[in-house]
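In what follows, structures are represented as C-alpha cells.
Two complexes are shown next, each including chain A; its partner changes from chain B in the first to chain C in the second.
On to the complex of A and B.
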C-alpha cells in the first residue's frame, strides 16, 4: 500500500535525504524543508520503501504537497 | 505514592542510524568547541606561579586544597572563565564550585594563591556575590579557603568601593549567617586588610599555624602616615620598619588563637585545616538523600553521549528536545504536564538521582496546523505563544506549591510578536510568568542548550531571576544575545538604508555596516564570551550535564527550607487526572 509523505508546512526543499529504492523506518528523516528560518525535518510516517520522490533541492512547496511516496 | 513515582512513563527512542550519520559534522563542531573551552579553562587553572614553586615554599595551591577537601568526583566548577573586567591575570582570582564534603553539598570558594598571593582583583567581588547568592538559594554551607594578600592596589578604583564592591561579601556573609547558613573558613598565609575581613567574616575560623588576619598588614602598618611625598631618608626608615613587621606580622595565631580566640582551631599541617573543615561539615544539618528520594536512582535508558548527535550545532537545525531530556533523567521516565496544550513548551516531572524535579524546555520545529490558534501564521518551536506561557505559569506555580525544584532548558528565539500576539496577551503572560517564578521560592537552575534571546531569556528562568536561579549553564552550542545579529542589523540600519536610497547614494556601505554588526553579534554571543562575561556561570560539556543536574538536585534537597509531603502534592494528581 502506498503512503504519501506530505509537506507539513510551506517552504523550500533544503535537502532530500533518501533515494528511490531506499528502505526507511518510521520516524526516519526523509526531507528537510527550510521554513520560518529553520531547517525542519519531515519524518517517515511508517516503515517502507521509497517508491517516488516528487521534489528536489530548491523546490518551493506548499503545505500538504506530496513530497515522497512510500510503499 | 509508588504508583506515581516509582515507575513513570517511558519516553525517548533509540538514536536512528540516519540521525547519527547526518549529525557527524555537528558532533565534530560540538567536540571542537568543547575542546577550545577546556583549553581556556586549563589556562585559567595555570594562572600565576607554577604549582611546584608554591609547593617549594611549603604551601599547597588552592587547587590542591580543593582536591584534598572535596569528595572524589564531586567537584562541579562554576565561573571558571568568568573575568568580566578583562584582568591581565586571566582570572578574578577566586576558584569556586559545588562539591560534596563528607557526603554533604557545599559551595566551595578559594583564593588562587598562585596569583599575587590571592589578591583582590577587579570583577572578584561580583564573582563572590554570585557564590554567596548560590549558597543562599540552595541553603547549603559556604566553605572558604582564605588566602588573600589584600587588594591589587594599582587597580583599587575598579573594585574597592561601590554597592557591589569588595566589602559587599562581608555583608553577604552576615546575611547567610542570619539565614542560618554557616560559612566555614580555612585560613592560610597572610591576610591583611580586606584579607583580614575575608578571614574574620565567616562563622567558624580554622587556621593554619602560619596564618594571620589583620586590619592592616606589614605594608600599611609600616607606612601608615602620609607625609606628602617620599625621599631616601624616609625609605631607609620604611625598610627598617618593614623588616621588623615582616618578622612578626600582625594578627598571627599567637594573637588570634591565644589572645582573641577568633580562630577556633590551629593546625600544624595545611591538610589539618581541611580535615577540620571536614569535621565541621559532618556537624551541619543535612538530610540524607533517601529522605526525599521518591524512587531508587536510575541511570537514563539511553547513553548521554547521544546528545551530541541530537543537539545540532547549526542553530537553524531543528531537533527533538524530549529526546535530549530522555538522556538526562532517571530511567528516561517522566510525567508530562498538559501534553496536549502549548506544544512549544515541554513541562513535566522527572527524577534526578531519585528526587523529583520539574523540567521546562523549549521544543523545536513546526508546531502543526492551526497553532497558534490566534494567528493565521505557522507556529515554530523556540518561540513562546499564549498557550505555552499559560502552561508554564501553571506548572511553575504548582512546582512552588509542591516544593519541587525546577530545571529550565532554553533554546528560544523569543516571544511571538505582532498585533495578533499582543491581543493574545503574550506581553502580559510573559510578565505573569516572571511573577509566578518570583512567588515560588524553590531553587531553579537553567541550561541554555542553544539560543537565549529576547525577553524569553528572562522569563524562562534566566539568571535575571536573581533570587531563584541558582546558576546557569551553557553548552558548546550556546548563543546568547538580545536578538539574532542579522535581525539586529536590520533593526539598526533599515531607516538609514531608506535615507541613503532616497538620497541616491550607494547602498554598499550600509550593507557593509550591517554585515559588521551581524558578525559582532556572532562573536559576542559565543559560549566563551558568555562565560567570560557571566551570562552563564559555566560552559559544561554535554556529557557532564547530568552530573550538574544531580549536583543541583542533591544540593536543593539537602536542607530545604520547606517541605511538601509527597502524598500532599497536587501536580502528580493533576497530571494523572
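On to the complex of A and C.
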C-alpha cells in the first residue's frame, strides 16, 4: 500500500535525504524544506520503502504537494 | 604647533573612548555573532565616527553624516522606504487565511502601552516614554520613526535597544513561552486555514491602507509605503519595482539609516543613566508583549472550537520572521512534526501593523 509524504508547509527543497529503494522507518527524516530561512525536516509517516521521489533540491513546493511516495 | 592642536589624537576624551568600546561591541556582535548585522554593523561604525574629535561629520548644516541624518531621518524618508521594501517582502497569506490571528498581533502591543505608563511613572516625559515603549513592538524602523518625531535625543539608544532585542529574540522569548504554556498546549496542531485567492491578496493592501490611514492618519508614512510595497508584490505586474524595493533600494537605505543612527550616539548624548533605563524598559516592554500575545491566544482558546497553539501568540511582536522561527523551534521541541512556522507568520505580520498603529496613536496624542 502506497503512502504519500506531503509538504507540511510551503518552501524550497533544501535537501532530499533518501534515494529510491531506501528502506525507512517511521519518523526518519526524508526531506528538508527551507522556509523563511529555516530548515524544516519532513519525517516519514510510517515504515516503508521509497518508491518515488517527486522533488529535487531547489524545487519550490506548496503546502500539501506530494514529495515522496512510500510503499 | 597649530597642526598638533588640531590633531584628533590630542582632543580625545575618555568618554569618546568608552563609546569606541560600544561601537566595537556592536561591530563584534554583528560580525562574530551575526546579530542583526545589516543594521548593527553600520550603526557600530557610525558610533566610532561620531566619537572621533574634530571631524565635523555631524556638524549642523555642514557635516556629511548630519546631512544624511537630516534628509533621511528628520525628514522621515528612510523608515518609510524600509517599509516599502518590507511590504514587498511580506506575504499576507497566513493572516488572510486565518484573520482571527490579527488579535494576537494586537494583544502583543499591550507591552508597549504598559511600558509607556511605567516609563512615565519613572520620570520620563510622555514623548520619551512613548519612544521607549515602542521598543516593545520590536520594530526598528518604527522605533526610529517615532523617536525622530518625539524624542530625537534618544534615537540612537532606542534604535540600538530595538535591534539588539530583535537579535536576541531566540534567547529572550523561549523561557517566557515555556513558562506560560503547558507541554500539552505546545503540542496543539493548528487547523489549516482556507486558501487565499490572488484577488484577495491584491485587494488587501489597498483596502488595509485606506482603512488604517482613515482611522490613524499619523500612521500614513509607514502604512502607505508598506502597503504600496505589498501591492507591487501581489499585483505581479511590476516585478522590477518589487525587486528594487525589497533588494537594491532597501539595501541602500539600510546603509545610510544604520550609519546616521550610529552617528547620533555621541558620548554626550549616550553616556547618561537614562540609557540604562531605556535598555531595561525596552526589555520589559518586549517581554510583556511576548507574554500578552501568548495569554491572548490562551484566552481565545476558551471560546474556540479549533484550538490555537498559544505559542504563536509570541510572534505578535513584530520581529519578522525571527519571532515566527522561534515559535517553530519551541513548538518542534514538544512535537517535532508540528509545523507552526507559517501559522506564526499571521500574528507576526499583524504585529508589524499593530506596532505602526501604536506609533501613530502616540504621534496623534503627543506631538
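One rule holds for everything that comes next: the second predicted complex is superposed on the first by the 71 of 71 C-alpha atoms of A that agree within 3 Å, B and C clash if a C-alpha of one lies under 4 Å from a C-alpha of the other, contacts with A are read in each partner's own complex, and residues count from 1 in each chain.
Rule of thumb we're sticking to: a contact is a pair of C-beta atoms (placed from the backbone, for glycine too) under 8 Å apart; a residue touches a chain by one contact, two chains touch by 3 or more.
Note that the coordinates shown come from a computational prediction; the quantities given were computed from them, not determined experimentally.
Asker: Which partner does A:17 reach: the first (chain B), the second (chain C), both, or neither?
Answerer: So A:17 only meets chain B here.
Asker: Once chain A of both complexes is superposed, is A:8 in touch with chain B (first), chain C (second), both, or neither?
Answerer: both
Asker: For A:40, select first, second, both or neither according to whether it touches chain B, chain C, the two together, or no partner.
Answerer: A:40 contacts both chain B and chain C.
Asker: Who wins on chain A residues touched, chain B or chain C?
Answerer: B
Asker: What is the contact status of A:25 with respect to chain B (first) and chain C (second): first, second, both, or neither?
Answerer: first
Asker: Do any residues of chain A touch both chain B and chain C, and if so, which are they?
Answerer: 8-10, 27, 35-38, 40-41, 63
Asker: Help me check something: in the complex, which residues belonging to chain C touch chain A?
Answerer: Residues of chain C touching chain A: 192, 321, 324-325, 328, 336-337, 339, 341-342, 345.
Asker: Quick check on the complex: what are the chain A residues that touch chain C?
Answerer: 8-10, 27, 35-38, 40-41, 43, 63
Asker: Can you tell me which positions in chain B touch chain A when the two form their complex?
Answerer: 13, 16, 18-19, 22, 314, 316-318, 364-366, 368-369, 378, 380, 382
Asker: Enumerate the contact residues on chain A facing chain B in the complex.
Answerer: Per the stated touch rule, the residues are 8-10, 17, 25, 27-29, 34-41, 63.
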